[in-house]
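Dropping a structure here in structure tokens format, bear with me for questions.
Chain nomenclature is as follows: A, B, C and D, assigned in order of appearance, with residue numbering initiated at 1 for each chain independently.
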Amino acid sequence: MSKDKKLMPMSEAIDRYVADGDVLYLGGFIQQEPFAAGHEIIRQGKKDLTVSKCAALILVDQLIGAGVVSRLITTFTWNPLPTTAHCFVRAVTKQIPGEVEIEEYSILALNLAYFAGALDLPYVATKTILGSGFDGEQTDSGVKNRLRFETSPFNGERVCLVPPIKHDVGIMQVQRCDPFGNAQAWGMLGEVRYGLQSCDKVIICAEEIVDTDVVMRDPNRTLVPGFRVSAVVEEPWGSHPGPMAGYYDMDWPYHAYYEKETRTEGVFQEFMKKWVYHTRDRKDYLGLLGQERLEALRPENFESDPVSYGKLTSHFGVPYA
Amino acid sequence: MSKDKKLMPMSEAIDRYVADGDVLYLGGFIQQEPFAAGHEIIRQGKKDLTVSKCAALILVDQLIGAGVVSRLITTFTWNPLPTTAHCFVRAVTKQIPGEVEIEEYSILALNLAYFAGALDLPYVATKTILGSGFDGEQTDSGVKNRLRFETSPFNGERVCLVPPIKHDVGIMQVQRCDPFGNAQAWGMLGEVRYGLQSCDKVIICAEEIVDTDVVMRDPNRTLVPGFRVSAVVEEPWGSHPGPMAGYYDMDWPYHAYYEKETRTEGVFQEFMKKWVYHTRDRKDYLGLLGQERLEALRPENFESDPVSYGKLTSHFGVPYA
Amino acid sequence: MIVSAARLIEDKSVLMVGTQWPIIVSLLAMSLHAPGITICYEGGAVLGKVPDRIPFFTGDPVVNSSSVLMGNSFDTLGMVLHGGRADMALLSGASVDRYGNINTTCVGDYTSPKIRFGGSGGACDFGSLAPRTIIILEHDKRRFPEEVDFITTPGYLKGKDDRIRSGLRASTGPYAVVTTLGLFRFDEKGEMVLRAHNPTASVREVKEGVQWDLKVHKDVGPLDPPSEEELRVLREQVDPGGMYLREARLLKGREVVI
Amino acid sequence: MIVSAARLIEDKSVLMVGTQWPIIVSLLAMSLHAPGITICYEGGAVLGKVPDRIPFFTGDPVVNSSSVLMGNSFDTLGMVLHGGRADMALLSGASVDRYGNINTTCVGDYTSPKIRFGGSGGACDFGSLAPRTIIILEHDKRRFPEEVDFITTPGYLKGKDDRIRSGLRASTGPYAVVTTLGLFRFDEKGEMVLRAHNPTASVREVKEGVQWDLKVHKDVGPLDPPSEEELRVLREQVDPGGMYLREARLLKGREVVI
């Protein structure tokens, strides 16, 4: 196993591994979103990013509003209250703060595209999407995406072909990770296993840094192996205001507050000053929230029972050592 | 969640859910093979089965030798010492005890076929297999399988198209399962997630039956949800002489013994009398091994650390209840 | 609407459940006549019980501790839905047209929309693949155009033949639409037909509530009003905080201070 | 053979490792000059350390407690190998031909074989997809036919052009063959060339050990014999029981009583 420790501060990870013009995958299906990393991307003023995110919530909305995104690959973008994601809507309907090209799919189709990207499969055929607005061939909807439609050589049926989508960099917040990048996550995982693996570089932000022994005592929980990871950032509460299974609930009032504070471009800029531009790092951000509020987001403990993988040091019935 | 308890003895599960002529998926990638279930299939004299197994070891060898298999879908068949699987070789080279049609793939191609089967995808395109003997189009090898070869409409490259493989019944031995069929497994899982889900009916054999609460405290460990499962069989040691992570090691000397006892059709029949035909059930089989031998196969404990999923009973910041 | 939709759910069926009304509808059915249903969410969850609090949406973290399987979207949208193991899908939508096509994408042309909504999520998959899709939404004439501006989720397109021509499986398609005014089914051509109206709404009112000449079933009549037991379970068990029944759900109209 | 093959492995490379010789070769490299390699097995394992006992084969249950990732075959054969993240694959085989094609399927015609072996497992995937495949096997003339009876694992087929024509990626293919007699590489046409011979074997002996007119590299010479350190680590650390070095591995020749 690669023995290079990859621990670094968020600012260094984003500076070293995210470049202007990159195609960026942001992990976390509703839960486990990399808010802290996204804020650092905004602070560093990255430009012309393509953001690919299966379920885009208010982090993507902020990235769009901050003007760092020129293209969005997604299946939906909203504030999960649910209500409107105002920056997204302003960009699509009024090109404020700039034009954002949209490449849209259904969740299953985008999962297949990430899967094909992770495995570098030429394409995967599916029976979803057909006839919908995402089927540009049949509906002439004006949608832009990479899908093609063919006749199956097996049975002559019309099928949708999903090609791979790949990314330069992937970022996700997880519960725990060792210093070498072996990352473990639990909860609702959506597309993230394949999304992360469709990236050339991966940045893992973790609630806790743990010893490799913790990982090796439960290797089935590993989401991405260390050799695929470029940087590991210890960043507790890095997914606030989104949730992290076992660590914190979704901060619902914050989402309502965000809805209110983003209705116009003007108030949005004030919001961003307070929470992003005028904070140097995640610690500053958490300071604005206050310890009391954070503690109130903690769920009750709800622990799994340990399981054993069994330690075997000699070969049964075979002379050894 | 379906509240029908599905617990039943092995004899009833096999009698009710495995029919002559069925296409049968046997789960477990080297580990966690359903030996007890396979022996019951032999005892009940099922006929004309198609057995589909990614990694076929001595359980498949026994099923072939016992004459219950007319077709085998696989990527390899051997005794994992490693040495020859004699019944398989006798069937292929001498049609003893009968003809067995072979449908062969590589592991990745068969994984893709099970994946396509589980999701009912029309087909998946891959760059493996091309030019090998499994590529019947290019090499004219005489191989029989379901693959087709096409030109990618995306980039003009030659690709291999893998269609779905589906099954009537799937059987696997797992570490634990609740009475409703919610099955959890850990260790090396190979193709099993997609193999089991490509089956109309699923029989789960488990080392332990646990409360649903155990499952719900760690739902990311679930291999197959209960609604997909027809029968649950409590069958400790059901994978002997194969291994079960955390429960028992592989019984290597048994594999050597098996190799020796299957070199001719005659000695194989004696072996089967002793271990299968003259045992009524798994308890009889385990009696032949003896408690001392079984205990010697137990590994040392090597436990995972518990993780918390977090219990949330009210909505933070939102008036509720 | 919630009660009427819940009544359409058969016990022991396997459901793909979307965000908003489908959540409370399916949990009400589970708490009443259909305790054996399997509820699946697009993010990879198979519920094991009625969650400890009602989920705001299907990604609500309460789902983490109320499930018998938490996996990937392939586990639910893939193996349950595309794999043909779901009996039914429940969806909301911004608007629905004459042939059950749903729009949750935009008003106006897709490339330069006047209003933009969130988008598909898994909705397109639900409508493309489920044997029976139930669409649940508040009735409002603007939500019922003759033809939607964008087909986020395919219904019968321009009729059943058109759906089959597109390549979608013949065994799939919209099954019912349930609104605050009535219950709608689809005829052999895939066109929406009023099957029953809410006791408080007339057939005429319903017809005026859509933008085309709505077909009415010959046996149309009023729906049974919610029973006391149905309302009690809904209010006391399923949604005791009234999250889905009051504005509190959207936190709208309240001062929000951080 | 074990030591020569291990020397070909560069530190920090990502390896797909097959059963038999590749296991001990990769663990020897990890214990010597290449502590930073990542070892992946076809069943879905990524090793985190040298296992507590040497695995008999890649499905050995000892792997369960020595890994940083235990997943599905898609995690390794899929995302590491097909996904283009592996640097190298290590394989054994029953026989290898002039162009590096490997047979582990049968002797004679596939449909009515004289001898039948286990089959591919993941070997076909390794040879199809890895940028550099190293083939490790005992030298025996019967194992080196001019053309294998069945291509379980594609080498260069009938030459590099033929491999590319088949659709396999141009950046992939056999890199070396290591046997008990020598080290072989491939020329620009994809033909096997003797690059170095074991100190105890002559070039003539090696040439006589294959069934075709073997090409010999102009700079052919003897391999460095295993160093004391290499042998010590192999015997004391990697395989202290001598599982891979003695007959004990196959339990052959011993009375087996159950």
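Rule of thumb we're sticking to: a residue touches a chain if its C-beta (ideal position, glycine included) is under 8 Å from a C-beta of that chain, and two chains touch if they have at least 3 such contacts.
Keep in mind that what you see is a predicted model, and the values were worked out from it rather than measured.
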| item | value |
| --- | --- |
| Contact-richer chain pair [A-D vs B-D] | B-D |
| Centre-of-Cα separation between chain C and chain B, whole angstrom | 38 |
| Gap in Å, rounded to a whole number, between the CA centres of chain B and chain A | 34 |
| Computed distance of Cα centres, chain D from chain B, in Å | 27 |
| Where chain B touches two or more other chains at once, by residue number | 120-121, 126-127, 157, 159, 186-187, 189, 194, 217, 220, 245-246, 249-250, 252-253, 299, 302, 309-313, 315, 318 |
| Where chain D touches two or more other chains, by residue | 45, 56, 61, 64-65, 70-71, 74, 78, 82, 251 |
| Pairwise chain contacts, counting only pairs that touch as defined | A-B, A-C, A-D, B-C, B-D |
| Interface residues, chain B side, partner chain A - complex | 120-127, 148, 150, 152-155, 157, 159, 161, 163, 175, 186-187, 189, 214, 217-218, 220-221, 245-253, 296-297, 299-313, 315-318 |
| Sites on chain C touched by chain A in the complex | 19-20, 41-45, 56-57, 59-61, 63-65, 70-74, 77-78, 81-82, 104-105, 109-125, 127-129, 150-154, 157, 162-163, 165-169, 249-252, 254, 256-258 |
| Residues on chain A engaged by chain D in the complex (per definition of touch) | 1-4, 118-121, 178, 180, 182, 194, 197, 212, 215-217, 219-220, 222, 224-228, 309-315, 318-321 |
| List of chain B residues in touch with chain D within their complex | 29-31, 54-55, 74-78, 80-85, 88-89, 92-93, 104-109, 111, 115, 126-135, 138-139, 141-143, 149, 157-160, 186-194, 243-246, 249-250, 252-254, 256-257, 259-260, 289, 299, 302 |
| Touching residues (chain side chain D, partner chain A) in the complex | 12, 14, 35-38, 45-49, 52-53, 56, 61-62, 64-71, 74-75, 78-79, 82-85, 240-241, 243, 248, 251 |
